[in-house]
Each structure stands twice: as C-alpha cells, then as structure tokens.
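Presented below are the structures under discussion, each in the form of structure tokens.
You will see two complexes here that share chain A, one where it goes with chain B and one where it goes with chain C.
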Partner chain A sequence: MLRFESVHFTYPGGVEALIDLSLSIEQGERIALVGENGAGKSTLAKHMNGLLKPGRGRVLVNGEDTRRKTVAQLAHIVGYVFQNPDEQLFSNTVQDEVAFGPRNLGFSPQEVEEMVRSALEAVGLQAAASEHPYDLLPAQRKLLGIASVYAMDTPVLVLDEPTMGLDLHGTRMVSSLLADCFSAGKTVILISHDLDFCAEHVERYIIMADGAVQLDAGIDSAFDDPGLLERAGLEPPQLARLARALGIQETPGTVVDFLAMWEKHRRRRSS
Partner chain B sequence: MIRLERFSFTYPGEDQPALSDLSFEVPAGQFYGLVGPNGAGKSTLCYALAGMIPHYFKGTLSGSLTVAEIDIAQSSLGELAGTIGLVFQNPFNQISGSRFSVRGEVALGLENLGVPRDQITDQVDETLEQSGLADLGERSPFALSGGQQQRLAIASILVMQPAVLILDEPTSQLDPVGTSEVYALLHQLVGQHETTVLIAEHKLERLAEFTDNVLVLNQGRLLANGPPKTVLTDPLIEEIGVQPTRYTQAARQARARGLILKKDEFPLTLQDAQEFFDDAAV
Partner chain C sequence: MSTPTLYLPRDSRLHHLHPLTKLALIGLAIVAGATLPVTLWVIAVYLLILMPLAAWGKVLPAFLRSSLLLIWPFALSLTLIQGFFAPGEHILLQLGPLSLKLEGIQLAADYTARILVWLSAVILLMLITRPDQLMLALTERGLPRQIGYIILTALQIIPRFQQRAETILDSQRARGLETEGNLVKRLRALVPLVAPLILSSILELDERAIALEARGFTRAGPRTSLTTLKDTAPQSAFRWLSLIVMLLLILARAAGWMTA
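On to the complex of A and B.
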C-alpha cells in the first residue's frame, strides 16, 4: 500500500528530517508512528500524500511513485489530518469544510451530502453544520479537521495527534470513528504522543528518532528498550507499565486485555 | 495569592455565564491543577486570572478576583505583566511575530518591562537553557515544530519570573519526555521561588505527581476542589467527560466485574495501582 525506499529528505535551510528511511505498510494495518518532537514523524506522514517529495529514494503509494503524482491524485488514496486544525480549515461553514474534500474527489451532490452528514454525526457536530469553523471551540475544530478527512473515504487515513486537547467525549468519538475505519479495512496511521490511546487501537508501533525508524514492532516488544524510549522521548503506556510492575509477562493494550492478563497471572500465582 | 469570591463572567451576546459563581483560593507557592471537559470554562478562567478578562476580552463581570492583592478588574494589563504570566493553549497565539529569532522572542517581555540590557542577556540565556531551547536561540520562531513552539511560549513567560504562573494546557503538543521536563521545571519554580502555579491539563498522571490541589470545572461551575488523590479518582470526573488515568479505569472495571471486592479507594498513579492489584492478587 505504502512503501518507502531509502528515503532522504532535507528541508530548505539544511535540517535533515529523514535519513535513508525504508518502510512498508500493507492495506488494513493499524499503526502508531511515535517518537519525540522533531523526530521526523510529520515529515514522514507528509510524504504519504505527496505534500512532500523525497530528495533521494522513492515513496510508492499503491505501487506508484509519488513524484509522478499530484497531491490531488494522491488525495484519493491518502487522507491526512493535520496536527493543528487551523492549518487545515479554510471554509466559511462547518458543512462546506467537510463537503470540500468529497466534492473535489468527484462524488455526486447526493453522495457528498450523505458523506457530510455521516462525518459530522461521527464527531458530534451536526448541530454546528452552518457555523463558522472559527466560532467553534479548539477541540471542536480538531474534530472538524478529522471529520473533513474522514468524509473523503480514502483507503488510507493518517491522523496527526488525533486526541490533542480532546476530553473523554471527544476521544470516544475519535475511537468509534477509528473502529468504523478498521471494520471498513482501511489503513490507519496514528501519529501521537498519547500512547495510552494508541495502545487501545493499533497493532504495530513504528518508533522514530533522528529521522530514522529505530524500532518497528508489536506491543509485546515495542517498549522493551528503556534507552531507545528515552531517546525517542517516550514512556510506555500506563497499562503496559502497570503490567510490568506486577510481573505480568504479556503487554496489555486495553483495560480489558489488562484484566484478562492479570487474572491469569493471579491464578498462576495462587496455584 | 489568588482569591475569587462569587466571581462570574459572561461573554457579550451569550445567555449563559462562562464562569459562574466561583469562589476559591490558591495560597502562595502552591501548585494547582485545573481539569474539566472541553467547553467547561478552563481557558476562560485562565484568561480571567491573567487579566485578559476583562482588559482584552470584554463581557459582564460580577464578584471579585484578586491576584497578589491586586484587584484584576481595577488594574491594567501593563501593571499585571510583571506579576502574572499566562501561557496560552495554542503557542501560535503567544508568539509575537515581531522577532526573527527565538532569543529575540524570549527577550521581548523583559524589554517591555524596561529591564537593563545586560540583565536581559543573562536571564534569556538561563531561560533558554531551562526550557531546552539553548540550541535553537538563533532559529526563527516560525521554523520550530509545534512542540518547540510550545517550549518557546513557556520560555517567553518564564523569563519574566512572574510570581503567579497560569498555564493553559501547555504540554498538549509535547512528547512525554518533554512534558516531564516542563513539569520538573514548574516543580522547581514552586519549590525554589515560591511561584504560585495553576495549570489546566488533560494529563491526569502529571497532576497526580506534581500538584497540591486540583480544581474541577464543569459548565463554568466549580464542582470540586481538593487533593488530586481524592478528586481525580472520583467517578464524577468521568461522568462530566474527563478521562481518568488507565490505572483508575482498570481498578474500577475490576471492581465492577467483581474481581476485587474489598477495596474502596481507587488508585490514581502507577504506584497506587501496583499496590491495589498486588494486594488483591494474594
């Protein structure tokens, strides 16, 4: 689905953001792209939809070199939600903001209307449809940014800090929107510092530091190397830390996983 | 140090007050947390404490709000600048845009306060070091990542050494290690300079570790005011839309499923949770 082959990228001014990075992502994978501020996560993500093109090496989206594709063409495949919604939102109403993407992808007016309705419902913004995006609370703008990309129904979704500034209601809406994406078989890439949230949704962790992938692993081995975590600015998710403190060998992603593992551990100890 | 008595505020054109009948005190040198769902009034309260309300954002006030014995409504933003510092939620709103380097941006507040030049240099150097920005001093503020801009926003306030520091979700874009560094710095300010700190935050594990007391705000009203251990494990906070720590959530689920019967107190931190589940295992 997405393939990075020895990708190098240097920003004008000389900051080397990606250094010889290779990576392959298959359809339907659920991935967390994590690492410290400045590790190159957003730069990597912007290569996935052609906003940035590699200086050296190749990025292939569905087998096609992104250098031979326009951002508009790639927008059919990869949807990208910006970290800061203010960099993304530009329409005069919430409804137009969400309609913009699907309309440009060539969906019919009826389809666009339906996509807008379901996307706004998914993030609880139906009642705000005719408001100006800048009259919304920051958290609502974040949700609007997510809805406007979700509405495009792309096979790949990249979300940069999807839970930033969201309370429990907002976070739950993002969770259920992601569940819809998973059941539709979409590829989902979360770029996030919120590892507690990631642990509840992904199965693969790509840990970046210094412009390169340092570790590409499942939850069971993603948090084993304290030195790497320190360098990547990370702390294991709370439940993973708790399991470890209790001497549980496995690593839970969710509260439900944790309780099952803890019960097994408890039975083993008492027998 | 901070004292509110029946303080209310309504934005122009709104029927409902954004802050409603708030009374509480924050003693000097204390570290307070502020939690609540989106739209609860956390940012509005931060603006009010820093005098942005009513001097920048207009509206209808009642009751009283004093910080460091200054009646906020009766003073000016200029008078407050050396005493109270506010770090905004979005660092983009904080950065002046008038300076071409990080160093220049951090110096701006001190220049406005009329601090002598050599003293400015020393204070700026020290603050850049403390804030993890020493290597970025010559970089343009707009060539920084979101996380770096957030550090810059904090640095540009810290440099003025305010007696009262109000921070509105200042670590939302920082990685966990960066977040720990900010909290360590705040902890040091409280400990060494008796700075009074109030921080709006979604990351409850940090509040658990560092704060003396936590205020819970919902729909503009103060719902709770107490030690983090009591307030942040109360089921009430989840009901209003604040996400408890996964430790609290796991313990509550264990209890709800009847896996643990005898415990009444829910854990807030890793250490509490370890004891909770370890004891129960025996």
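On to the complex of A and C.
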C-alpha cells in the first residue's frame, strides 16, 4: 500500500527531517506515528500524499512513485486531516465544506450527497449541516475538519492530532469514526501525542526520533526500552504502566485487554 | 521555521544605529524618491544610496532579491498601461487600434523607479531593524503604544500570512484541489485558499486582543522597558539634518525650484 525506500528529505532551510527511512504499510493496518515535536512525523506523513517529495529514495503509493503524481491525484488514495481545521474551512455551510473533497475527486452529485450525509453522521454534525462553519464551536470545527476528509472515502486516512482540543464527546466521535474505518478495512495512521487514545485503536507503533524510525512494533514490545522512550520523549500509555507496576508480563492496550490480563495474572499467582 | 519578520541579524555598523537614525535614512530616500524631478536621479538613489547601505548592512543579496521580486509586477503593469494609454507622439509599435508610445514608456519608467525606491527603502528598513526596537524608539518619542503596536503587527503580518497560506494550500491540495493547470482552474482554486486565510486571521486577531488585554497592554501609567536603545550625539545631529533636507526637498519641489 505505502512503501518508503531509503527516503531522505531536507527542508530548504537545511534541516534534515528524514534520514534514510524505509517503511512499509499494508492495507488495513492501524498505526500510531509517535515521537517528539520535530522528530519528523509530519514530514513523513506529508510524503504519503505527495505534499512533500523525497530528496533521495522513493515513496510508493499503491506501487506508484509519488514524484510522478500530483497531490490531487494522490488524494484519491490518501486522505490527510490537518491539525488545525481553521486552516482549511472556507465554505458557507457545513455540508458544502464536507462536499468539497468528494467533489474534487469527481464523485457524482448523488454520491457526494450520500458521502456528506454519512460523514456528518459519523461526527454527529448532521443537525448543523446548513450552518456556517465558523458559527460552530472550535471542537465542532475540529470534527468538521475530520469529517471533510473522511467523506472522501480514501483507502488510507492520516489524522494529525485528531483528539487535540476535543472533549469526551468529541473524542468518542473520533473513536467511533475510526471504528468505522477499521470495519471498512481502511489503513489508518494516527499522528498523536495522546498515547492513551492511540492504545485503544492501533496495533502498530512507529516511534520516530531524529528523522528516523527508532522502533516499529506492536504494543507488546513498543514500550520495553526506557532509554529509547526517553530519547523519543514518550511515556507508555497509562494502562501499560499500570500493568507493569502490577507485575503483569503482557502490555494491554484497552481496558478489556487489561482486565483479561489481570485475571490471568491473578490466577497464575494464586495457583 | 523562518522568522516571522524580514529582519536579518547581522553584525554591522548599520544594524547598531539607533532605530530612529535608520528611519531618518529611509525617510530621506523615500522623500527623495518622491520629489526628485529626473528619473535618473531617482534611480541613482537606489543604486548609489540604498544599495551601498544594504551592502554596508551585509544584507545586499536579500535586499536585491526582495526589491526586484516586488517591483516587476509594477514595472510590467505600468509599462502596459502607460505605454499604451498615456498620450504621446512617438509611436514605437502599432497593435491594431492600440499603439505603444515612447512618452508612455518614459512615464512608466519614472513611476517604476519611484516605486522601486519607496518599496526597497522600506524593505531595507525591515531587513536591518528589529521591529520591536523600532517600536520602542517610536513610543519613547511619544508615539501612542497602540499605533506602535499596529506598525509592529503590520511589519510582521506578511511572512506570517505566507506561512499560513502554505499550510492552507497543503490542506486543500490534500482534499483534491487541483492548483496546477490553466487560468480558470487556478482562479477557481482561489476561494478555498483565500477564505480560510482571512477567516482564520480574523479569529487570531480576536485572541490577540484578549492576550494583549490580559498582559496589561491598556494599563494606564508609566512603564519601563526591558531593552534600552543606544543613541549618540552625531546620530541625533544626522537626524535633524535629514529632517531639514527632507523639508528642503519638499519645499523645492512644491515651489518649482527643481525642474527636469
């Protein structure tokens, strides 16, 4: 689906943002891209839809070199939700805003209407469909930004800090939207500092520092190396830390996992 | 990440001048650009005053790049408009009912030279002066802080706009907006790019106002400054002299003492 082959990228100012980075992402994977600010996460993600093109090496999207495609063409495959919705909202109504992406991709008016409806439903904004985007609360605008990319129904979805500024209700909306993506078999890549949120949704962690992938692993081994976590500026999700403190050998992602592991752990100790 | 202003920190004598002295230099160039009667003299202000100053301040490459980049749209549109529509006798080129005339070209060259001097003088000021120090110097001389702040924001706003415009461009392209292609396509791409730029800037303005209020910007009474500006007697003398020269130039122009 997505392949990075020895990708180097240097910003015009001279900052080496990616150094000899190789990576492969398959259809349907759920990934968290984590690391400190400036570790190269966004730079990496912007290579996935051609916003940035590698200086050296190749990025392949569905087997095709991104250097031979425009961003608009790659938008059919990779949807990218930017962090700040205010840097994209421009329409007079919420539904027009959501329709913008699908229309650009060339879907028919009926299809666009259906996509807008289901995207607004996914983030709970159907009642606000004909309001002006800037009349919404900041958190609602954030959800609108997510819906406007989700509506494009791309096989890959990249979300940059999807939960930032969201309350419990908003976070739940994002969670259920992600669940829809997973059941549709989409590839989801979360760029986030909210590891507790990631832990509930992803199965693969790509930990970045200094422009390189430091570790690419599942939750069971992603948080084993304290030195690496320190360097990447990360703290394991709370449940993982709790499990460790309790002496549980496995690493849970969700509460359900934790309870199962805790039960097993207790039974083993008592026997 | 680029700095939010054009200012380039360099260790030059020009940089160390008092901001008001720099302002006087730039004001002199601007007044000269407006009042000198001969186009060549105006060009001389650019070549013989502003460029050497930029070189002295070790910012010549950036100065040339910015001023030439900004002037060509003016040069082009002025040449077309004045060349074809200003009255004149000497026809250089006949295009159907339109004719390109020498007088128009001369007029366009004159306007372009003056605009070049004004723009590049302001660019030079921004390249060599930290905006906060300029504002401090002005408010020390009795400029209301509000106005100083407006000037400061105006100086900073263009590069900030640029950064934001790039992010907006990225996020709309990521939603399938085709920005390459023919003119119609490009024009149609304008709304999704310009609207968020303006709307989000207005939102930011609101937060900025609250932040200023929260940090006591509108508080009455005397205040101290974190930085102090160094001034010297020769610089002060130079400023008075510049002011006199500026007034003389304006007077000479108004009274018609200077003619081409």
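Annotations
As a convention for this text, the second predicted complex is superposed on the first by the 271 of 271 C-alpha atoms of A that agree within 3 Å, B and C clash if a C-alpha of one lies under 4 Å from a C-alpha of the other, contacts with A are read in each partner's own complex, and residues count from 1 in each chain.
To be clear about the criterion, contacts are C-beta pairs under 8 Å (C-beta built on N, C-alpha and C of every residue); 3 or more make two chains touch, one makes a residue touch a chain.
If you're wondering where the values come from, they're calculated on a predicted model, not measured in any experiment.
Aligning the two structures on chain A places chain B and chain C in clashing positions. Of the two partner chains placed around the shared chain by superposition, chain B is the only one that A:A139 touches, whereas chain C remains out of contact. In the overlay built on the shared chain, the residue A:G170 is in contact with chain B alone; chain C does not reach it. In the superposed model, A:V149 makes contact with chain C only, not with chain B. Of the two partner chains placed by the overlay, neither chain B nor chain C lies in contact with A:V188. Set against each other, chain B and chain C differ in how many residues of chain A they touch, and the higher count belongs to B. With both structures placed on the common chain, the touch criterion links A:D86 to chain B and to chain C.
In the superposed pair of complexes, A:L18 makes contact with neither chain B nor chain C.
Judged by the touch definition given at the top, the superposed model places A:A122 against neither chain B nor chain C. When both complexes are overlaid on chain A, the residue A:R269 reaches chain B alone and has no touch with chain C. In the overlay built on chain A, none of the stretches 110-118, 236-244 or 272-280 of chain B clash with chain C except 110-118. In the superposition on chain A, the residues of chain A contacting both chain B and chain C are 13, 84, 86. Taken in their complex, chain C has these residues touching chain A: 1-2, 164, 167-168, 170-180, 191-196, 199-200, 203.
The part of chain B that touches chain A in the complex is made up of residues 36-39, 89-90, 92, 143, 145-148, 169, 172-180, 202, 205, 238, 241-243, 245-247, 249-250, 253-254, 257, 259, 270, 273-274, 277-278, 280-282. Residue ranges on chain A touching chain C, taken from their complex, read 13, 46, 49, 51, 70-72, 75-76, 78-80, 82, 84, 86-90, 100-101, 104-105, 134, 148-149, 152.
Of all residues in chain A, only 13, 35-38, 42, 83-84, 86, 137-140, 161, 164-171, 193, 195-196, 230, 232-235, 237-239, 241-242, 245-246, 255-256, 258-259, 262-263, 265-266, 269-270 touch chain B in the complex they form.
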